[in-house]
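Down below is the structure, laid out as structure tokens.
Note that the chains are named A, B, C, D and E in the order they appear, and that numbering of residues resets to 1 at the start of each chain.
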Amino acid sequence: MYTNKTFPLRIILFFCWRELLWFTLLSVAVLAAYKGLGWKFVAIPFLPVATIGTAVAFYVGFKNNSSYERLWEARRIWGAITNVSRSWATLVNTTVGRQQYDDNPDAISRVRRQLLLRQVGWVNALRIQLRRRVLWQEDPTVRSLHVKLVQQQHRQAEEMHSTLEPFLASFELACTDCGATNVPNLLLHAQANQLAELKSRGLLDGFEHASLSALVVECFAQQGAAERIKSFPFPRQYAHFSTIFVSLFTFLLPFALVGEMAKFGEDAVWLALPFSILISWVFFSMESIGDASENPFENGLNDVPMTAICRNIEIDLRELLGDTPLPERIVAVDGVLL
Amino acid sequence: MYTNKTFPLRIILFFCWRELLWFTLLSVAVLAAYKGLGWKFVAIPFLPVATIGTAVAFYVGFKNNSSYERLWEARRIWGAITNVSRSWATLVNTTVGRQQYDDNPDAISRVRRQLLLRQVGWVNALRIQLRRRVLWQEDPTVRSLHVKLVQQQHRQAEEMHSTLEPFLASFELACTDCGATNVPNLLLHAQANQLAELKSRGLLDGFEHASLSALVVECFAQQGAAERIKSFPFPRQYAHFSTIFVSLFTFLLPFALVGEMAKFGEDAVWLALPFSILISWVFFSMESIGDASENPFENGLNDVPMTAICRNIEIDLRELLGDTPLPERIVAVDGVLL
Amino acid sequence: MYTNKTFPLRIILFFCWRELLWFTLLSVAVLAAYKGLGWKFVAIPFLPVATIGTAVAFYVGFKNNSSYERLWEARRIWGAITNVSRSWATLVNTTVGRQQYDDNPDAISRVRRQLLLRQVGWVNALRIQLRRRVLWQEDPTVRSLHVKLVQQQHRQAEEMHSTLEPFLASFELACTDCGATNVPNLLLHAQANQLAELKSRGLLDGFEHASLSALVVECFAQQGAAERIKSFPFPRQYAHFSTIFVSLFTFLLPFALVGEMAKFGEDAVWLALPFSILISWVFFSMESIGDASENPFENGLNDVPMTAICRNIEIDLRELLGDTPLPERIVAVDGVLL
Amino acid sequence: MYTNKTFPLRIILFFCWRELLWFTLLSVAVLAAYKGLGWKFVAIPFLPVATIGTAVAFYVGFKNNSSYERLWEARRIWGAITNVSRSWATLVNTTVGRQQYDDNPDAISRVRRQLLLRQVGWVNALRIQLRRRVLWQEDPTVRSLHVKLVQQQHRQAEEMHSTLEPFLASFELACTDCGATNVPNLLLHAQANQLAELKSRGLLDGFEHASLSALVVECFAQQGAAERIKSFPFPRQYAHFSTIFVSLFTFLLPFALVGEMAKFGEDAVWLALPFSILISWVFFSMESIGDASENPFENGLNDVPMTAICRNIEIDLRELLGDTPLPERIVAVDGVLL
Amino acid sequence: MYTNKTFPLRIILFFCWRELLWFTLLSVAVLAAYKGLGWKFVAIPFLPVATIGTAVAFYVGFKNNSSYERLWEARRIWGAITNVSRSWATLVNTTVGRQQYDDNPDAISRVRRQLLLRQVGWVNALRIQLRRRVLWQEDPTVRSLHVKLVQQQHRQAEEMHSTLEPFLASFELACTDCGATNVPNLLLHAQANQLAELKSRGLLDGFEHASLSALVVECFAQQGAAERIKSFPFPRQYAHFSTIFVSLFTFLLPFALVGEMAKFGEDAVWLALPFSILISWVFFSMESIGDASENPFENGLNDVPMTAICRNIEIDLRELLGDTPLPERIVAVDGVLL
């Protein structure tokens, strides 16, 4: 997530200098043809191009809107993950083994701590899994794909291991190493399993077990929702044609502007240059803002700040457990909060 | 689901070469009449056509938006099916016969496996049923309809049988063969029936039975939602008129462009040809993108990848059961993931 | 629901021949005044009319969108009714009297059948009630209103009786005859009453009774949602002004087109005739598509196919009960599925 | 709710005659300046005004859409209130004291009747409270505000008393008189209190009490939703600027039209008069339709018909109680249903 | 929340005088160059600028819509907080210790009062926390940030203490002082803890405990939703580019208007001045209305009136407890309700 109020020119240019260069070259070429070579026929009327412009503005608006909704839904999901984690911590902390607490406070506290830290483990495992690049984004050459896949799985397993180490019992940690396909799933299963065990040992009654099980089901729902956004990109037929339409429009623009400016006299034709670049840039920017927001889990500038959210959940839960000192909050670096 | 970042020109042309040809022929004809025959009256003013263009852009935008929402809802439903299947697996695995497990681990495990595999059977049966072509999409000649219907039922029954074979007990499989109208329904009923039986045998208590029954109700809800999208197409009055309006607009376009170009001098009139084709193509493409996305369960390029999702659910559930080796994930072929 | 892919010209003309005639007469009159009488002042500039056109296109787009959402919500409600009916059938069939089944299979089966068929009765009663014309759609002359009301109640009572006969016990049927104001309500009350009776006789335990009661509450919710759409039309201030604005626009159009065409020379003025008719038709069609979709329970071409859905529910439930032969599905007649 | 299909001219003029007069005077003045005084400079180009027109159309469209959603949400809330009331009636009627019914049918029936009539009392109390004018709509002069407040509270207390009299026990009625700030709240509290009492007396078991309590919580939710719409108007920054923009546009319009018409020759300038009035009226109407719909609980023409809904709920519940004769339905007066 | 029907000119100017000044200076400069210096080339054609104008209107409309939805969701959350608080009060008041009430009415009443006042404490703590400025809105210079952070935490702790004093037991109050990171969280945990204690002491049964726990979970959900809106601003890429596009458009406007006016003759050029200011102001206002509404918890003019809502909740709950006199409602000061 970009956290500053405004974007410095440096960042804006970083994302569009290639296109600006192209718009400039094209406009210069058109002007050169018109003025230098005297090819008057490169001047075309503006009205038909404006018609495309309006239709394209509609289309780009639709893409922007949809991308924003994807981003906002992603943030909503991580909000719900925060909520369910806090509810989990509170219900676990107040109900698990309440009747038996005075008999054996240490054992009960240990169980509760285990259930809370595993929840922190789950949110972190989910974060790592979501930030992984999906395979359909890679180059589809089969051989290199296989190599990449193995390398990536290796790297990810290491990151998963080191991240989850503080939160899981050693046997669970081992289990997540040996090639499990979906670590967050396994952790939720472990939560449900421990709940059932606590019920059979009488540390939870039927009502409490049902309430806590419902929270596990909610965790599955939010995990699935996040995975859905990750694995179902903004449909390519919509996304790619938006890019094509904008490219077409910006290509035609200098021709049409030369024509329109020529109406004001031959001296005004030079104004087509700055105008063409400016209008092209506005349309290109609108298009690429949508593009940059449609995938909210890709380590980009506009991501959902999952690392910060995971840390906040850890702080909330450790505070309930009475741990000191609490871990530090994640702060934005160069205006970017991950 | 199309999984590549961009569409190659080949695919784009495949979907629109007929229309491109028509746009070209029409423009050539108009130009020939204007220049060759000197019929100046074929040139009409651009402004009224632009007015239609704006109205049509609105309308097409509305259609695109609605189609996208249908597609996205379809994906959301299959996300929910994934979630409910995982929750089902976890709750079944941790609660069914927990008290009695040590007495007879094999029998309990067998029951749990049955409940999990039947869930995999349900998602696959639902997938096959959704991919079946609905009757109102066929030619409505009654006689041939009847023939087709019988043929189709036969083909589908075979596919259903071979797909479900690994997941169901033989008697259930037999039951799905003998002309049941809605196999997924029967499988959910079988799940509920086994839950009730487990409750009456004391392998589930009231709370657990209620939680698991709620998941079966959720399965009915998601199945019904998918069937609703399948059986209620984007209303024809909206869809068909969108096509009519775009056709009308692209028909008038070359006439209006000849008129507009003529203002720039008789030499510029030839430019009406490329322009007419280009603008027509933009509007036609916008329209047909919506068209291609409105039915997300038809084996098309832009479908929800149900086969891949079903396989992922199978992998998740088999992993919980400890099956090895796990089945392979479905990968995209030529950029299309089914 | 209209089920064919396209509308034949015959149907399109059926809905707009009156307006086409009016557009033609108006345009001819304007042209006659301009050319025949030489009243040059009937030619007005196009730009102000285009401004109205844009505003009207926005407005009509809003109406179309809202009408579509009403239609889609109506379909969603009937989807939910299907889901709740299947869940009801499955839960009833697997839990009612399960412990006592072996003692008296016939009696238990009879109770279950009663509960399932009454559900089919409810969906059909709801359908009939929704398809009834509401009073605020009638001419508001009080006297004739009273007469109509009595006639209508009589006709409806007959239809209700004959439709519900196969699904209800005779005493319930009698009860629905004697002027009950809301038959579906009574049937849901009967369901809840039987549930409570089964609980007090020990054929349902507390959990099962709670689950099934929740389904009855859901039925009330869906029935109420359908009645809400029925009794709260698309607000007239929005709907009627949309019609007024379009009428205004199509009235001004021929005047403006004559002016615009006159710029191309006096010979081109005749083109105002086809253009005026065409553009008027596009705007009129957009407007009337929304109009035709805003009330989804009125026996119209674009209705939710409630009769077909009710039959499908009956087939699903009868299949669970083992009835043979199952009733036939409803098929589209002339492309219309009711 | 306005229930006729169309608005008579009389009603339309009633809402806009002041503005029509203003538009006419302004246009006449502009024309007089241009033609009479020969001030040619009052003619301004149309294009910049059209640019404002497009932007304003967007803005007004947004306002219309939001107002419609507020109105529709309000209707949805009252639909939910109907549903929850019916569910309440059915659950109360079938579960309260079922085991004890045969011992003392009269006492049980009395309790049930009390619970149902109090529900009718709640919906009516909520209606009266919502139709009360909120203070921020009054003139903010503090002194008179205080006076008005006291007067209003007095009037409202009287109306509340007479409306609730048939539904409440006398001691409850007394309680609502003595200055309670939120009568509907007190009634829901009374419902919950009686439920708890019935549970402690064994007339409801834990499951039934939980189900009925959930309905009370739902009532609180719907009441709060209605109060939220009432107390949080469509944000003034959006609403007021919409009015300002439209006023600005309609002010500039005659100047621009004179300029545009002048292009057609000096004789056509007079046409600016009807055009200016017409276009101004279209924009003004669009704006004021949103304005008239944004507050759905203000006794206006476009209100949610709460009186009719409350009466329908009363009829439904009294029919369950077997009361005869049932009260009459509310009918529309002059096309307005309250 | 701004509560008056209209904004006085004074307030409107307060928010835009700087921009009005800038628009004026720019227009004067352009006119001076054109007329004074005779630089005819500063006049540029209007059509390309109008194209940007349309695209920008789309974009600003999207921003306005999203901002409004953020504001409305924020209000919805606080509506839900009101509902859950009332439900909590009613359930606590009618169920906690009902069986034991007659034995020890004072003790039971004290417990209920504690649970209700702590709820009031929670809503107020949440309000204070939301109104705190978030760190990413500060100047990102690290050193001063640290200083500000410490100062702010100090100020906030004081405000929190004095606000919560009337609602909490002294030991809880102490606990919130010593640097807890999230006071509302701790209060909800205290609620859940007391519920569990009441259950273990037999003052709540399993059903009642489950119902009340569900309300605590709902509180967590609403708190999290409010924090989500607070901590995830409207994405900067959308918000900032909207400002850039409008600035660009208003910069080009005077150049284009000079050109357009020049068509009407050199005398009309002066009209570019008022027009340029007016149109620029309309676009700037549209943009800044969205800007001013996107953060609904920042003590701004357009905030959700949380202080008033918290007070209303306190009044509702104290009324149930029978406290007199009830606290006064918060009234708007200068048309602003906080």
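What we mean here is this: a residue touches a chain if its C-beta (ideal position, glycine included) is under 8 Å from a C-beta of that chain, and two chains touch if they have at least 3 such contacts.
The structure presented is a predicted model; accordingly, all values stated were derived computationally and were not measured.
**Q** Between copies subunit A and subunit D, what's the superposition rotation on C-alpha atoms, in steps of 5 degrees?
**A** The rotation relating subunit A to subunit D comes to 145 degrees.
**Q** Roughly how far is subunit B from subunit D, centre to centre by C-alpha average, rounded to an integer in Å?
**A** Those two chain centres are 40 Å apart.
**Q** In whole angstrom, how far does the Cα centroid of subunit A sit from the Cα centroid of subunit E?
**A** 25
**Q** Find every residue in subunit C that makes contact with two or more other chains and list them.
**A** 47, 50, 54, 58, 206-207, 210
**Q** Please classify the inter-chain touch graph. Allowed labels: line, ring, star, complete, other.
**A** Shape of the chain contacts: a ring, since each chain touches exactly two and the loop closes.
**Q** Reading around the ring from subunit A and passing subunit B first, what chain order results?
**A** Once subunit A is placed first and subunit B next, the ring gives A, B, C, D, E.
**Q** Can you check the complex and tell me which residues of subunit D touch subunit C?
**A** These residues of subunit D touch subunit C: 1-7, 46-47, 50, 53-54, 57-58, 61, 64-65, 68, 71, 75-76, 79-80, 82-83, 86-87, 90-91, 93-95, 98-99, 205-207, 210-211, 215, 257, 260-261, 263-264, 267-268, 271, 275, 278-279, 282-283, 285-286, 289, 292-293, 301-302, 304, 315-316, 319-320, 326, 331-332, 335, 337.
**Q** Note which residues of subunit C are touching subunit D in the complex, please.
**A** Interface residues on the subunit C side: 41, 43-45, 47-48, 50-52, 54-56, 58-59, 62, 66, 135-137, 140, 180-182, 185, 188-189, 192-193, 195-197, 199-200, 206-207, 209-210, 213-214, 216-217, 220-221, 223-225, 227-228, 232, 235-238, 240-241, 245, 248, 252, 259.
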